[in-house]
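Both complexes below contain chain A, partnered by chain B and then by chain C.
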Partner chain A sequence: MSVVTLHINDEIVSARSDQKLLEVIREQGIEIPTLCHMDGISELGGCRLCLVEVKGSNRLLAACVTPVQEGMSVYTHSERLVNYRHITMELLLSERNHTCAVCVMNGHCELQYEAAELGVDHVRYEYMTPDLPIDASHSKFTLDHNRCILCMRCVRVCDEVEGAHTLDVMGRGTNSRIITALNRPWGDSISCTKCGKCVQVCPTGALFEKGSSVGEMEKRHAFLSWILNGRERKEWHW
Partner chain B sequence: MDKQKRKKKIRLATAWLGGCAGCHMSLLDLDERLIDLFEVVELVYSPIADIKTFPKAVDVTLVEGAVANVDHLELAEVIRRNSTIVVSFGDCAVTGNVTSLRNRLKIDDLLTKVYHEGPGTAPRGLEEDGIMPALIPKVLPLHQVIHIDGYLPGCPPEPDHIWQAVSTLLDGQPVRLTQEMRYFG
Partner chain C sequence: MEKEKEEILEGIYKAAQANGDNIISILQELQHQFGYVQKDSVEWFARKSNIPEAKFYGVLTFYSQFHMSPRGKNIVTVCSGTVCHVKGSARIISKLREDLKLKGNEVTTKDGLFTLENVNCVGACSIAPVVIVNEKVYGKMSPDKMLKNLKAYKE
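Presenting the complex of A and B:
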């Protein structure tokens, strides 16, 4: 594997040529917010929080899907980026009904955490307050569209790790919805193995275990690297 | 708060719009710090004090609750006119929170669901009947109605966070909360 040299915030950094920017930036100990990225599943570039500036490009690029290149110069926290991340977070919060106070994930939610981290103490946009359903037809889990940010971690983990592909996405733009079993109630699905991977990777309260009340749901992300290390390297350490 | 420097007491008001009073309960949970607070402030309007009209020349007003009806709209505007600093106090004022859960329903559907199909006589909806203030079509966060100078999220905000915000405000500084004090919910 060849090595490339690049600049991150004016510091010289070397990276493997197959790496993506996000990984290299994090290796440098630089914190950069993400909501759709998760170690162990494919990259999506969906949440747009990891946007970075690359010298010579007018467009902001999602660090999670941008490959490193020899000689590139990357900025992770310019004024423009901080501003856009703030706006992105406000738009995420305004699109659906994220009522933290009555959410199962209150206090453990990645969206709530990142909002505080990015300094979002109020939302300048009008809330869309869409009328969205909750699918509670599954015997173990509930899908609450009100809390979904369409990061698609659930879709990817169900397809790539569990191999079931019970979950998918339907519709365009703000009408996009996570669907189960080709848009039938989750409880009717014959492909769902009830493994719960989708629930554990979900950053918000959109997917949760039945029986959880406000603030009671906590997600265990570590299970994914445990499974993948076991499968790929035959190392089973919990 | 530097008590020596200040001779004239700061005129503090707190108001209660569409909320559950939990933010005011949390304010009362300042406990013995309330004594320190009242050495430097005079409470000129509050649901926990028996004052009927919102006074003029208020220095700082903490507003709990979202804007849900025409009375809230009116009071919000008076608060803005008569206060130097207005703070959105708690999640309902900041985001709409639980009060805004009704926004997915039309007002008529809402009243039908809650009252007409329930026991007792139903209040009127959009029209003012002189007793119940008319609901506005969508519950709004306070900053969508009036200009806001500071935000104190939380459901309710922790007493320590209130203390942090109020004491910096009374020192003439803008509300600046650390990350752990900024959480919604």
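Presenting the complex of A and C:
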């Protein structure tokens, strides 16, 4: 593994050549918001919150999927980026019905947290207020499309870690929706193992355990590295 | 499932395996054989080929070329591109829907004779508004002219 050196916000930094920009930026203690990124599952580059400016490219690049390169010069908090992140967050909030006051994740929600960090106190766009259903057919969990931001963490964890691939995405654009099996109710799915990984990785209240009330649902993100590290060290026996 | 159908599916499965389990070509073949993609044949395929059902459904709903309900004998396509829209394609659509007695989200008539759909541009803006019935293109249409043209297909 070779080492490369690059500039992040005009500071010289060294990194392993197989690292992605996001990892290197975070190692420097620089905070950039992410929603679709999660340690332990593949990168998607979908939420566009981790966009960074790279000298020599007039496009903004998603740090989570951009590999490091020798001599590259990266800026993480330019005026343009701060403005764009603000807009991206507003668009995320305007797409579905994100009503924090009645949400099970109120106070523990990543979307809420990142919006507050970015200083989004109002949305300049018209809310789309789509008419979306809630799937409560599963015995343990509920899927509320109104709170989904389509980060696809649940889809990826179901496929890559659990190996069931019960969840996927249907449709295109604003009509996209998370589905279970052939768009059947979740409770009727035969491939679902009820492991609950999708619920634990969901950044919002779109997936939650039944029986939790407003503000009561807390997600345990650490479980994923716990499972994956255990697998690597062959700690699990059954 | 009937034996005949299973034999057809088995044939598609064998061809797909040689092709490297390509989801799009499986679905295209299913649609070609049965006229539309049936849910039970997708389920059969998911069990047989180790491709998750959810993945099939994602591809099915992403591409507008796939249909999950039976289609009419004649396919009427009204263009709703920018030019056709300005030239009044919406009026043609509502007139045709009224004439074919389509309610709500229905796209296929009860007798199975017509399926009405709209596309975003057929690339023939100079003769807008455009309506295509099966493969035949009708340019510079009006609601009344289109109703007259449609009569020939009703026999």
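Quick note on the criterion: the second predicted complex is superposed on the first by the 233 of 238 C-alpha atoms of A that agree within 3 Å, B and C clash if a C-alpha of one lies under 4 Å from a C-alpha of the other, contacts with A are read in each partner's own complex, and residues count from 1 in each chain.
Operating definition for what follows: a residue touches a chain if its C-beta (ideal position, glycine included) is under 8 Å from a C-beta of that chain, and two chains touch if they have at least 3 such contacts.
Quick caveat, the model's predicted, so the values are computed rather than measured.
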> Is the number of chain A residues in contact higher for chain B or for chain C?
Replying inline: B
> Which partner does A:C148 contact after superposing on A: first (chain B), second (chain C), both, neither?
Replying inline: neither
> When the two structures are overlaid on chain A, which partner does A:V123 contact: first (chain B), second (chain C), both, or neither?
Replying inline: first
>> Tell me the contact category for A:D168 with respect to chain B and chain C: first, second, both or neither.
In response: second
> Should A:L51 be classified as contacting the first partner (chain B), the second (chain C), both, or neither?
Replying inline: neither
> Should A:V201 be classified as contacting the first partner (chain B), the second (chain C), both, or neither?
Replying inline: neither
> Once the complexes are superposed, what residues of chain A are shared between the chain B interface and the chain C interface?
Replying inline: none
>> Looking at the complex, which residues from chain A come into contact with chain B?
In response: 93, 97-103, 106-107, 112-113, 115-117, 119-124, 126-127, 129-132
>> Taking the touch rule as given, give the residues of chain C at its contact with chain A in the complex, in rising order.
In response: 39, 42-43, 46, 52-58, 60-62
> What residues on chain A touch chain C, complex-wise?
Replying inline: 159, 164-172, 179-183, 191
> Where on chain B does chain A make contact in their complex?
Replying inline: 88, 91, 94-98, 100-101, 103-105, 138, 141, 143-144, 148, 151, 153, 155, 177, 179-180, 182-185
